[in-house]
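Pasting the structures in now, so scroll down.
Shared between the two complexes below is chain A, which pairs with chain B and chain C, respectively.
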Partner chain A sequence: MSPSALEFAGVSKWYGQVAAITEVSLRIGPGVTGLVGQNGAGKSTLMKLACGLLRPSLGQVRVNGGSPDRVATRRQIGFCPDLDRFYERLSGRRFVTWMLRASGLGRSAAATRAGEVLERLGLADAMDRQIRGYSKGMRQRVKLALTLAHEPAVVLLDEPLTGLDPVARHEVGELVRGLGHGGAAVLVSSHVLHELQAFADLFVLMHQGRIVAEGALAELRAQLAERPRRLALRSDQPRRLARRLCELDQVSAVEIDARGVVIETTGGAQLSQRLTALGAESGLVRELLPLDDSLEAVFGYLVES
Partner chain B sequence: MTVYGRGYRPFTFEPTSPRARLWAVAELELRTLFRTRLGLMAFLICLGPSIANLGILLIFSGVWRVGASPERLRSWPRTNPEAIDFYLQPIIGDVFAFVIFLVLTSLVSCRAIAKDRESNALELYWTRGVGPRGYFFAKWLGSVLLLGSAFVVAPAVTWLLGVLMAPDWGTLERTIEFVPSVLLALTVFTAVISYLAVAFSAVAATANTATVFWFFLLLGTAAATRVLSLVFVDEWWFKALSPWDAAKRVAEWICGYVPRRDYNPAIAVLSLVVVVGVLTALALRRLRRAEAVG
Partner chain C sequence: MIGWLRNLLEIARQTLLLLAANRFVWVFGVAALVAAVALALVARQAAQRGAPGDEFFGVVLYLVGIQFALPVAVVYLGVVAIHGDLQDRTATYLFVRPLHRSAILLGKWLGVVAAGVGLGAVGVVVTYAALALPPIPWARGVTPPLAMAITFLQASTLAAVAYAAVAALLAAFFRRPLVAGAVFVVGWEAIGSMAPPQAGVRSLTVADPVRRWLASEIQATGPLREVLAMRLDRFVDPSELRDPLASLAWLAGVALLLALWIYTGREYDSRVRE
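Moving on to the complex of A and B:
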């Protein structure tokens, strides 16, 4: 097992009578882990427990073996909250400098560091302007600068893509991927599942305060082996293709749409061979696309089940 | 610097003390007022009493000749630079002083923590090696330093200028006995009032709520003591019900000033201890991590 930078051992958290997290046990090592769940699933609570903002009602949270209650442990954590929390009249540079000083950097080291990080995050021209004039994307970058400036070993990003334009989303995705490749343990929650899928290696799926599945996407899909897979077959002759597909035992349902045929199947490699042969023989199949191997589909199936 | 890409590693922190971390928070608070023109103007207005005192000193020392002689200025304690009233009353004595304190504490101290809670900025501190108690202390320290610059440093500088501008060392000889204790009294007064305001700020949900309640506390209790003065004709202990009056009585006691409406300073101390204790307990409860971010 890879070393776990962040560990939850039987963690439950109640707000009064309401259970936000129930018996969560999880180990997160270096790399990017995506945290997926609907609103109220417990994602933010999990993040806050990880960075010591909340204490578990039951169980233990460990960051590199230490309690997040300790200052020394919190220095190893970078937390990017989901809302904008700024001093609007400070410039981006001053704000990051001040927060670095509160983290334990000296005055000049903090100023230098803040400038470097903001420059890396593309705010070189705007870092000396007041934050109140920043766009949503620029604010997001300031938050990321606050999170990453001290190069924490554990990075917790709560909805880091919110409000970003497509270019900025891509850049942030690359940045997060780079952190993971560099050895940091990154836990990212996001509603933009297809983007999360692009830069996360592992996924933790939460529903109603519990972890319903964890692992790489292929592993998660494999856990749903009994569930029929949906495949789209692009064809110029969908009716003829549908007739041929109905003859196959492994195909349990066939639908015709504008661009071809969608089938549901429990067949594995054998069916793939038959479909490939079908395409080669008659030219009926131009393209084959899996429809439910995406994170969204897997999450949807797991929540349903 | 390896924010991107491989080679990612935890940053090596300098061995800074908790004091340095808290000082960063205090310094941020200290500069709050000077980030806006309105704040700067408010601060300059709050320097009004000290600037007026400086004018009197210039006349008293003969630097500024406008007709009033030093003898004439000496005839009224409030304009006599060699009397304790000259330094004490402009800061804590009259209605103008009360209004100035009310304005400055409303703009700074009683918004200090509430505005951070309002924007959920407390999360940023709690994840950065600054705990609730240290944060509260740092906010108070920043507030005291800001208020102290107007209500302690400014009178001290005024006195120093007066001494240096005087034709001889007579002013120094006649004031050195009481000025240090007056400055100590003003420091204690500023510290107590700003503490109450910051504690209010920690308890309130929003900055505006804190400001409104702070106004009600100071004005309401001051009004209540006025009403009680109609009931208790020769007794003045009830003035301790007003935190402002209680802090003022303690300050007067520290510098040995006997007010016209005198009462036992122990009652004032007791009153302040109760208010400070209750507010501190409430503030620390409200600043608990789960409470603050839940």
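Moving on to the complex of A and C:
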């Protein structure tokens, strides 16, 4: 197992009688880990526990072996909150510089670092304008700049793609991927699951304050082996194809749509071979597409189950 | 320790700059200038009715400045500086940085003290300029003395330190600290300062020790003497009362310690649940 930069050991967090997080044990190592869950699943609470903003009611949180309550430990953490408030009258550069200076950096070092990181995030032209005139995407980048300015070993990004346009999303995705490749442990939550899928290596799926699954996407899908898979078969003669498919034991449901046939099956490699053979033999199958290998589908199944 | 101190001073500097951009501060400045012009006109009439400059200057500064404007301004600014961040959650940015929360709170307190001292100085200087510089025919030819202005400057500094500490406590503890601040300034200060000294309640006010300190520093006469006189003094043996500076230090110290205890220990998370 890779060394864990961030570790939750039996962590629970209650607000009065409401449990936000229940007995979460989790180890996050270098690379990008996606945190997936619906609203209220406990994603933000988990991140706030990791950066010391909240304290666990039970259990322990460790960042590189230290408690996030300690100032020395927080030097290793960069947290980008799901928050759209700033000191609005400051410029982006000044805001980041102030925060860096507040945490001990000298005046010129802070200003230089702030300029570098804002430029890296594409705010070179806007960094000296007041934040209150920034677009949502620019504001998000200021937060990211602040998060990354001190080059933390553990990066916590709470919904970093919110409000970004597609180009900016792609850029932020690349940035996050780069951080992971650079050796940082990056925990990133997002509702945009298909984009999370594009840059995260591992996933943690949360539901109602608990972790329901964790691992690479393929591993998560494998946990659902007994569950029927949905496959789309593109065909010019869907009715004929459907008739042939109904004869197969491993096909439990067949549905005809405009572009072909959608089946539900519990069959694995053997069925794939038969479908490939069917396509070659009769020319009925033009294309075979798995419909539920995406993160959304896996997450949906896990939550249902 | 040096790092902690540096963080504290940086937070104080930032707080002061943020407060300097606050609309209230500019309203206060404009109001002070308008009041100065009005004061100069009123002073001329008072002088014609036989008021000496030192008494008029002292009464105006004490009743308007020390008892009303300064507490309102400092408590308001303290609440804005400390609770404003918590309310709009921008404090999150500071809380997750590698600096101790005690440095954040004390830095903000220091910034508020600096702002309060600045506003107090503006108030004293403007009042002095309005009453001492124009040729006003004061009774017995007594113009407002510079020494008295300096004493009031010192009093406003002492008051700013203590009021800022009280504001820090209110901002750290209450969900609606402005309401609590208004109750403190308008209600508690008045009631506490009037209470029999034996009750010990006066130690929980800023107004009473500041008034006692001013009374000990200024050789007041006439209406100023009455204003600075201890209420219910027939019940009081002055030796039973704590030294005014010690009272202020005690109040400010306890308020700051309590504020620190709350601020460093509490989880400020406006979104209790996602």
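Keep this in mind: the second predicted complex is superposed on the first by the 305 of 305 C-alpha atoms of A that agree within 3 Å, B and C clash if a C-alpha of one lies under 4 Å from a C-alpha of the other, contacts with A are read in each partner's own complex, and residues count from 1 in each chain.
Just so we're on the same page, a residue touches a chain if its C-beta (ideal position, glycine included) is under 8 Å from a C-beta of that chain, and two chains touch if they have at least 3 such contacts.
Keep in mind it's a predicted model, so treat the numbers as computed, not measured.
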{"item": "Superposed partners chain B and chain C on chain A - clash or fit", "value": "clash"}
{"item": "Partner chain in contact with A:V117 - chain B first, chain C second, else both or neither", "value": "first"}
{"item": "Touched partner set for A:A41, first chain B, second chain C, both or neither", "value": "second"}
{"item": "Touching partner for A:G178 - first (chain B), second (chain C), both, neither", "value": "first"}
{"item": "Touched partner set for A:A153, first chain B, second chain C, both or neither", "value": "first"}
{"item": "First (chain B), second (chain C), both or neither touched by A:Q17", "value": "neither"}
{"item": "Per-residue contact with chain A, leading partner among chain C and chain B", "value": "B"}
{"item": "Partner chain(s) touched by A:A109 [first = chain B, second = chain C, both, neither]", "value": "first"}
{"item": "Overlap of chain C and chain B interfaces on chain A (superposed complexes)", "value": "15, 48, 51-55, 71, 74-75, 77, 79, 81, 83, 85-87, 89, 98-99, 101-104, 146, 150"}
{"item": "Complex interface listing, chain C residues touching chain A", "value": "3, 6-7, 10-11, 14, 18, 21, 88-90, 92-100, 267, 269, 271-274"}
{"item": "Sites on chain A touched by chain C in the complex", "value": "15, 18, 20, 39-45, 48, 51-55, 71-72, 74-75, 77, 79, 81, 83, 85-87, 89, 98-99, 101-104, 146, 150"}
{"item": "Contact set on chain A toward chain B in their complex", "value": "15, 48, 51-55, 71, 74-77, 79, 81, 83-87, 89-90, 98-99, 101-106, 109, 113, 116-117, 120-121, 146, 148-153, 175, 178-179, 181-184"}
{"item": "Contact set on chain B toward chain A in their complex", "value": "1-11, 13-14, 16, 18, 20-21, 24-25, 28, 35-36, 119-121, 123-131, 289-290, 293-294"}
